[in-house]
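Next, two complexes with chain A in common: one pairs it with chain B, the other with chain C.
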Partner chain A sequence: MLIVTLFVASFAIYAAMYLAPGNPIAALTGGRTPTPQAIQVLEERYHLNDPFLVRYVRWLGNALTGDLGVSIPLRSDVSTLIRQRIGTTVQLVAFASLIIVVVGIGLGVLGGLRRGIVDNVVIVLSTLSAAVPSFVASIILLSVFAVNLGWFPVLGGGDGFVDQVRHLTLPAFALAFSSIALVARITRASVREEMGREHVQTAISRGIPYRLIVRRHVMRNAAIPITTIVGITVASLFAASAVVERAFTLNGIGAYLIQAALSKDIAVVQGISLVIVAVFVVVNAIVDFLYATLDPRVSLGTSAS
Partner chain B sequence: MSAADGRLLDVASLAVQLPVGGELRTVLHDVSFHIGPGEALGLVGESGSGKSMTARAIARLLPAGAVTTGTISYAGGDVTALKGAALRSYRAEVAMVFQDPRAHINPVRRIGDFMTEALRTNHGVSKADAVARAIGLLAEVGIADGQRRLEQHPHELSGGLLQRVMIASALLTEPRLLLADEPTTALDVTTQADVMAILDDLRRERGMALLFITHDLELASAVCDRTAVMYAGQLVEQRTSSQLHDDPLHPYTAGLVGARPRIDGDVTRLAAIPGRPRSAYEAPAGCAFADRCEHVEDACGEARPPLEPIEDGFVRCRRATELRGMLRAGGRHG
Partner chain C sequence: MSLVELPTTAVPPARRRLAGRGLPLLRGTGLVGHLCAIVLLGALLVAVFGAAIAPHDPDLTNLSFAFVGRFQDHYLGFDSQGRDLLSRLLAGARTSILGPLVVVLLSMLFGTVLAIATAWKGGRFDTIVSAALDVLFAFPAIVLAIIASVVIEPGLKAASLALSVAYTPYIARVLRSAALRERSRDYIAALEVQGLRAWVICVRHLGRNMLPIIVAQGTILFGYAMVDLAAISFLGLGVQPPQADWGVMVATGQSGVLQGYPMESLCAGLCIVVVVIAVNLLGERLSDRSTLVTR
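Presenting the complex of A and B:
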């Protein structure tokens, strides 16, 4: 299942890039008109004249061994280029995920268990954060906390753990902002739904203390939908990080994807897209696995249909 | 009227209102009965008559915003005023068996966790001890391979097995009063008899009091010493089970008895009570049954009749004495 998804995705990525307008040789020569011999040399070097399927199969075969091709403008290995930048993105996404899980689930549980003012505050906060796209959040956070208050650096990735955390705090919040709302909403709804379940009534009727009912019967059961939504959210952060990385001038694969697309660096765009899809598929597989351990009614054998 | 009379549970003039769309709606009106230690009382009525709501009021499981008046006292203490730890220890003595075990047992936890939870958290019993006791009770309800069942999840068990598990776990904490809310309604007919027999046997062995809620008058008579009949949120009659069946005093009870199919009778159309059941809030102003009763008089619609003592029980009908004997054997003329 996993492999089929990746295979289809890789084909779609390669085909999309192949069909996209623009000519790598034009990008390479920077607008100057090259001589016919130069074109021929370049075409042979980068196999630009081979049929589409032949080029796809060669690319895929190399990708499987970790070789994602060569960036034509930079004349360097795409795998190396990605490897140099992926650490920043992973750190950013991990940080943002932590914020989403802690703040999103925290707000959702609070709103789900307490009716009245607390719940209304949660709804207003989550509506507000859902309405703010990450590029707007980036600008607001930058101007308030970095420029005006000076608490956090404006740009760059930082060195050493503490400095890196300081540099990544604002971008992580910007990236997490709109996802917090989604996770909080789903958590609130699931907690409320589980609170109303008959089996919770059974537990109440047996005199089980409230905090144990919440932990063993409400949160334990609500964890199933919450895991699903957190998984999907975290997987999508890898693609969403592009905007934030660019706003904060972080040297991650998201920002690099935009830069490569602008400079028509097809091999890099293909490579990064493939990495993002692979991450998405792997995260979803982890969620499926967690799902099966959380819900005894689901077994891995039957879910992979 | 307290524990002085040897009563375990005493419900007096209980009324419950629930918030529906911003207004309070009456669901129970003037419900009074008592249960002695080790005694079984049947509570019979159609859907919506308020029998489950009565059990919920006793178990303190009414939805938020419900308004309760009247008194419910357990062993002399006021149940409606209980809070926190006192409420939890009351719940340890009063166990409930629900109608639908599939919905009332947490689907993601193991049977063992479900069964031993109350013992371990409220009674401080060690895990090994709780498991041993659970296996013992499973054997008593007819589940031999208890060890294996405890490791399973609810979806791996049939409805009948699950209800046995529910009954076994209700009995594990050795409650003094068991509230059974239609414990066999969700099961298929052959399983119903088994489960009911097990429940009845174990209750008698332990001298446990029982409030048995059902829509099946015959079943209530078989299991309970006394039976109370509810209609539109009120108690209309309460007698010893055999008397209620052979000599019904309220026209509604007579209708219920008559609506039972008989294996020895003539094969004719089943008798039915005309009209449809009323909820407490839509019942007529006088006698709640007036608009469906074939013995109705003008005076029946004027004031709501009180629950009056009569020989071995109580009845809520102003013509009860006058109609006595005429209601027998289905009670429907023509």
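Presenting the complex of A and C:
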């Protein structure tokens, strides 16, 4: 299923871009009128005259070996262009995921275990942060912490590990902001649900230490929906990071995708879209796999550990 | 976008009684639900009449007023181009609110039709459509919108269309299970025995009984659509400047943010946040209610 999805998705991406208006010859010659011979040479070099299916199969075959074609405006390898930038995106997504897991699950568990004020604060916070889109969060964080307080650099990526972390802190929080709410909410609901179960209530009444109950009986069962939501969220961050990268002018693949879309650099849009879709599908598949290992009931083949 | 069905929490008996039956749109959503509905109604009115009630021309630039604060009847001051900020916010409400509304209507239409059709027909048709929707799942809404901006052209039309398509599988999946539940009810079988045509049953009975959950899902979706559409406009691939739009204004205000004049970005951002909070709270309550009604 995974392979089929990726295959169909790649076809859809290629076909859509094939239909996109624009003339690659004009892009190559930069507006000058080329001689017929020049056109012929270019058409042959970029295989512009081959039938659609032939071009698609060639593109896909090359993509599988890591070659995503050539960016016509930049006359440069798409794979190289992506490789130069994907590090920033991966770091940003990893940093944001860490924040989402720590803060989101932390808040959710807190709200789930403690009724009353703590719980209400968690609910209000998550309602608020769920409604703040990443680009608005970017602007607010930029305005407060970078421009007014000057604690963090305004734009760019930075060099060296410490400097990079400093540069990525605000973008990572902006990216994580609304997802924290989602994770906190699911965590809270599932912790609350597990706390109300009979076996947990029995354990409490028998005087088993609270910490042990929470760790063994509540968290263990609540981990299943939490893993699912964290997985879905992390998978979607790769696409969402485009917005934050652009707001903070980070040099990642998301910002590059936008730039390529604005300048109609077809090969780059195809390449990055394929990468993002592939990451999304693969991460979702990993989540399904984790789901099965966490919950032995899901597949009978897995032994209960 | 990640649209997830929240685990339904147990509902106290008092609210169960409150939920009642029938259509009255807001019954059982409580005070918060009604307040949110008022906010949304206000937003909708501004979206329709905003450009007309704007005190100044939203597109009139006057560079000597750039970043000037509150001044005479310019209550929010001016943006980087010296345009009246309040007027731009009012005028920008149109695309910012009606755009997502179109997205919601389209994807609810696609999603509902697919959900009811697959639940009704079942079999191979169901398998094929579900497989196609699974592939569509692999495309994050933003990526689809970016592709659409290249294939069609950057603008509200391409972005709205792309988002409608991107949300369809989520809606279809949620509604399909609701439709399946409804399909197995006795009254449907009774109607079938009476010899009613399938589409009449689907539209007049099945669809009608699913209305609460359709409305709830649509409301929740509106929040996502608004955020995503504004994000696409922020990226420069949706509504095109100089047209006023909240997403565009957050982007054009960014230069002001870096110079210490964050008013434009923050006001536009705040408008988005307020509407999204109202719609999320209302959507949650409507969906709590709909799980009661359809159960």
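Some points to look at:
In the analysis below, the second predicted complex is superposed on the first by the 283 of 305 C-alpha atoms of A that agree within 3 Å, B and C clash if a C-alpha of one lies under 4 Å from a C-alpha of the other, contacts with A are read in each partner's own complex, and residues count from 1 in each chain.
Here, a residue touches a chain if its C-beta (ideal position, glycine included) is under 8 Å from a C-beta of that chain, and two chains touch if they have at least 3 such contacts.
Please read these numbers as outputs of a predicted model, since none were measured by experiment.
Once the two complexes are overlaid through chain A, chain B and chain C fit side by side, free of any clash as defined at the top of the document.
Contacts of A:Leu262 after superposition: chain C is touched, whereas chain B is not reached. Once the two complexes are overlaid on the shared chain, A:Arg114 sits clear of chain B and of chain C alike. When both complexes are overlaid on chain A, the residue A:Arg58 reaches neither chain B nor chain C.
Shared-chain residue A:Ser190: touches chain C; no touch with chain B. By the touch criterion stated above, A:Arg83 is placed in contact with neither chain B nor chain C. In the superposition on chain A, the chain among chain B and chain C reaching more residues of chain A is C. In the superposition on chain A, A:His217 makes contact with chain B only, not with chain C. Contacts of A:Val281 after superposition: chain C is touched, whereas chain B is not reached.
After superposing both complexes on chain A, the closest C-alpha pair between chain B and chain C lies 6 Å apart. No residue of chain A lies in contact with both chain B in one complex and chain C in the other. The part of chain B that touches chain A in the complex is made up of residues 59, 61, 87-92, 95-96, 98, 100, 103-109, 117-118, 121-122, 153, 155, 173.
Every residue of chain A that touches chain B in the complex is listed here, in rising order: 197-199, 201-209, 212, 216-217, 220-221, 224, 294-297.
Partner chain A is touched in their complex by these residues of chain C: 1-2, 4, 6-7, 9-10, 131, 134-135, 138-143, 146-147, 149-151, 153-154, 223, 227, 230-231, 234-237, 247, 250-251, 253-254, 257-258, 260, 262, 265-266, 269, 272-273, 276-277, 280-281. Within the complex formed with chain C, the chain A residues making contact are 1, 4-6, 8-9, 12-13, 16-17, 19-21, 127-128, 130-136, 139-140, 142-143, 147-148, 154, 178-179, 182, 185-186, 189-190, 192-193, 196, 225, 229, 232-233, 236, 238-240, 242-243, 246-247, 257-258, 261-262, 264, 266, 269, 273, 276-277, 280-281.
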